[in-house]
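The same subunit A turns up in both complexes below, where it pairs with subunit B and then with subunit C.
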Partner chain A sequence: MSDVAPRGAEPLVLKVLALAFTVFIVGYILVPILVTVAMSFNDAAMIRFPINVWSMKWYADFFGSPQWMDALENSILIAIGTAAISTTSGVLCAWAFQRFHIPFRDMWYILIMMPLFMPGVVLGLGVAIAFGGISIGGYAFYGSRELVMLAHSLWAMPLVFMLMEATFKTIDYRIVEASYDLGGGPVRTFFEVVLPLVSTGIVSSLLFAFVISLNEFVMALFLTDRDTQTLPVLMWLSLRSAGTPRLAVASVILALTVFTCLTVIMLWYIRQLRKVAR
Partner chain B sequence: MTVSTALELRNVIRRFGTVVAVNDVSLNVSKGEFVTLLGPSGSGKTSTLRLVGGFENLDGGSILLNGQRIDHLPAYRRDTATIFQSGALFPHKTVAENVAYGLRMRNVPKDAIMKRISESLDIVRLKGFEARYPAQLSGGQKQRVALARSLAVRPAILLFDEPLSALDLSLRLQLRAEIKRLHDELKFTAIYVTHDQGEAMAMSSRVAVMNAGAIEQIDKPETVFHSPTSEFVYTFIGESCCLPVRVTSAGIEDKKGQAVGLRLGERLAEGECRIYVRPSRLRLISEAALLPNQLTARIHFIEFLGDLYRYHLKAGALELAADHAGSIGHGVGDEIEIGWRNEDMRVFR
Partner chain C sequence: MTDAVRIDDASYETQRTAQERRKLLAPWILMLPALVIVLVFFGIPTVYMVRMSFNLHMDQRLYVPGFTFEHYVNLFSNPLFTNAILTTIKLALVASLATVVIGYAFALLVWLKPARWRLLFIGLALAPLLISEIAIIFGWWMFFPKNGLLSYGLLSAGLIHEKISLMYTEFAAFVGLVYVTLPYCFFILLSIFDGIDKRLLEASADLGASPLKTFREVMLPLTWTGILVAFSQSFIWTMGTYATPSALGPDTLWTMGFLIQEQMLGKHNWPMASALAVVLVIGVAAVMVVTRSMQSERTSFHV
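Here is the complex of A and B:
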């Protein structure tokens, strides 16, 4: 005889409460996004309910505006650069941690992770002050996209490092030894065996770094000028002058990009799971 | 040094902190020889193998492969190939890609690689599995792919690191026979590490019994089994019973000082010693009567082992076990006579 009550025998009150709670949580998460999406189809000149006329007018306006398209381009280029810089450095750094004996390991670990917990204002201001007057070969570093990429990598690289450090730990080290054993040198082994084994981690790292940079606002505000300002920065500036539904369109574009990234991570993960379970 | 020596270890030492894992090991392996390193865990057998493979650094001595020193070379520059306990196949590569890996690293031309893949898979009887991924193979198949992958590069020496210990018994016996067959056919040179004496006996040209980082005895399996040179080898290989006794002018007594009914054919020198016998070599009741060494003991309990009954016996503080095909018609508590021949007994002090 089982002491466990059969499934479905919970009191009705509990079931209703559970359902209500679930609906509340899902709603809580989705409402801001749904409101923004709805607002982006508003024909009016102001962000305001109710929406009387629906239209794609502000989408046309967004994609027709050189200023907004430049900001979108800046955002995406900076995000790609950040993804490349932080993934490369984070992966190599994590591999070195995994593979070699490193003196003062814990100290280095804290040092690497520290920027992740620093307020964006502190980092943004710090980088702005440090690189404010610096130009290399006549190229002013301050205000450039590259500087924003580096600043964003301060946040993204520790994240990649943390993620990859955990991923590398899952590798059966005998497999790496097998590669050495069969004549694969360290570099070939890294590219032929290690990287494919952690491909899920790499893809996740790239996309996380991309999304972090895309979403980042404070450092970008401190470090960009009119030519290099990112989408969030332009949104903030234009909100102060005119709150048109164009802002909602920009939000939808940002949100869609993030969703796409998450979908790619999911699909990749499922693909890898299939491979192992085949 | 002769041309026929494939591998030579000279006074090899490996320390981990204060622990000496490999303590002054010297070993010669001839071409085509299958040498097993047999020992309990922590005896240094795996460390020795990993030193040859290049996965550990030497703390002393030297290693020569085909007359050339290799101990300064990294693993990927040594002409050795290891079969790991877990198989260590590349999970993201197919069977064919796994087998091809070592050849690609050696820049073998593509058509030659294709030929070698099919040869190697043929040898381990895995034709038709080329496109499968390791996750789609059974444990035994994985180990055979690992073997094919190592054989494909035609190394100067194959290093087996307990390759069968993760498999279940029937598969282990099957693969053991297969490795033996392959060695007879291909005449490769190999070092095989195991803690399973059955494997060591069945496959080896020579067995090196290791203990505490050193080789205790190295010889043909039969010699190691029948003429162990040390107490450790005697007790590690085959089952044995230990009778710790003290020989005095008055007779033989157990550790507690009580006289025991032990009558030996040859007189032992006075003092403490350990007498060893094997359960399979002991004779009981009437069969014991004519043998030079005899002991009167009481049946403590009886185990039924299928083919045999195992009688657990006590004589004072001495405990031993004796195997007998079929029942002897005595039960627990009965006193019986046990006997053995001189050559079935070893005395160590």
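Here is the complex of A and C:
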């Protein structure tokens, strides 16, 4: 019985260990975030600690620079497009998996999920090779925002599909049957009964897809040109040349965009919960 | 009278077959957009990529159609590439191990802490997931160098007397990589922990087991599958990522992902980049298959 715990002594050791680990993990996760936020308010042109003079100078610089504002605009447009494409296709596909018998179901499932496990650099390379020289009716497909949206959908769509597959399983199908019995066709039932039931899942899907696309930069690096490059791509390219506090501002703006969306979602959830409560 | 019934029957039959046909067709119409995206933007590019990897590369052109194993031979004989393959595997292995250990401890902590802390910790773990990899890289990029926060902090605390730089070291690359993959590991493991009855710990303690023994004989076996899934997930992720190690690590830290980009965008050697990508994909697939086969049937876990 040598393993009997001497009570009292060990829990203290464990408590100290737990505390030390908590400090470590909180510090680890917060360090790059705090460094970035602090640096974005630096007045100097160099990345250098300590920060002596604080100012909003680099924010003004960011919003005054057409190059960076264009990149931000590209990022947001591409993210909106990705959210729309991947949510539409993912929701429809998940509905098909939920409601219909599909031959070779597992094979299709794996095929749809596979891009999610592919490194971005491989997907970017593949799409760049396959669509490198293609232009449709004089409009160059390569380098366009649409191509980046579709490439980002390779990651976003499987996620939406996975999320919606789980969501559709939670529906009370007696409501759907009731709609059919009352004469609602499959299309009308889907739009007027099913979609409102899973609205929370759809809003979450849109958010996921948006955030993935907004933050992604390896595929975008392969697929954009000077006019369509996204904010993360521009940040990556400038990091390679020289880092200035402008990059910190760009990081903060990117993160703020994500957190704004999150807040909107939170408000949406609260509203939905209130509706249910009423 | 009988005629009328027969007609009704016939029209009912046609209606039914039409309905049946629609039922057969409907799932394909619903799946069409998703399948088009996957087949056109993943399937076709993959075929192109495999084909491209056998093309010739000469005269500074992107590629010349042909058929050669040259790039694959080069890949496994040229020290530049073999080193990159080894570096990639080594880095992915070490970073994933560290990620799993830290992620496990983190998930365990959140699981054991009272519920009121939970939301706070989950919010914390979400942060690296919601921040772009480039922003994370840049954050560490300002922390490690000579004029960075680390050096300044240590200097002000009197722990060192000269400015130090950890920038462009393998350690910096490793810290960045773990940061990027940690949330995935954490959430996979937390979901496993949440499925465990906490009273098991009390039961084990009541039976006289020390915390260490409880951990080894109760917790580890129960979470083994989660550990495997978390490990393979971060291994796959670290194998494919290249921005973090190439931006934070030393110039000699060439991973496969970095070489793919270098060959594609820098050297304009498409066949070589494709060959590298094909080998990388095969590596990722191999890791997935091995993990799947290591999960025992009883505890199979769906991600």
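We adopt the following convention: the second predicted complex is superposed on the first by the 249 of 278 C-alpha atoms of A that agree within 3 Å, B and C clash if a C-alpha of one lies under 4 Å from a C-alpha of the other, contacts with A are read in each partner's own complex, and residues count from 1 in each chain.
Everything that follows uses one rule, which is that contacts are C-beta pairs under 8 Å (C-beta built on N, C-alpha and C of every residue); 3 or more make two chains touch, one makes a residue touch a chain.
None of the values given here were measured: they were computed from a predicted structure.
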Task: State whether subunit B and subunit C clash or fit side by side on subunit A once the two structures are superposed.
output: fit
Message: For A:217 in the superposed arrangement: first (subunit B), second (subunit C), both or neither?
response: second
Task: Mind working out whether A:111 is in touch with subunit B, subunit C, both or neither, as first, second, both or neither?
output: second
Query: Between subunit B (first) and subunit C (second), which does A:177 come into contact with in this model arrangement: first, second, both, or neither?
result: first
Message: By the touch definition at the top of the document, which applies to A:270: first (subunit B), second (subunit C), both, or neither?
response: neither
Query: With the two structures laid over each other on chain A, which partner does A:196 touch: subunit B (first), subunit C (second), both, or neither?
result: first
Field: Touching partner for A:69 - first (subunit B), second (subunit C), both, neither
entry: neither
- prompt: First (subunit B), second (subunit C), both or neither: which does A:20 touch?
  reply: neither
- prompt: Now for A:185: first (subunit B), second (subunit C), both, or neither, which partner does it touch?
  reply: first
- request: Decide which partner touches more residues of subunit A, taking subunit B and subunit C as the two options.
  value: C
Message: After overlaying the two complexes, what is the shortest C-alpha distance between subunit B and subunit C, in Å?
response: 5
- line: subunit A contact set shared between subunit B and subunit C covers 186
Statement: Within their complex, subunit A touches subunit B through residues 172, 174-175, 177-186, 188-189, 192-193, 196-197, 199, 275-278
Message: Taking the touch rule as given, give the residues of subunit A at its contact with subunit C in the complex, in rising order.
response: 1, 3-5, 10-11, 14, 18, 21-22, 25-26, 28-33, 35-36, 39, 46-50, 85-86, 88-90, 92-93, 95-97, 99-102, 108, 111-112, 114-115, 117-123, 125-131, 150-151, 153-154, 157, 161, 186, 211, 214-218, 221-222, 232, 235-236, 239-240, 243, 247-248, 250-251, 254-255, 258-259, 262
- request: Using the touch definition up top, name the residues of subunit C that touch subunit A in the complex.
  value: 23, 26-28, 30-39, 41-46, 48-49, 52, 102, 105-106, 109, 112, 124-125, 127-128, 130-143, 145, 147-149, 151-153, 179, 182, 205, 208-211, 213, 236, 239-243, 247, 257, 260-261, 264-265, 270, 273-274, 277, 280-281, 284, 288
Field: Touching residues (chain side subunit B, partner subunit A) in the complex
entry: 53-55, 74-77, 80-82, 84-86, 88-92, 101-102, 105-106, 133, 135-136, 149-150, 153
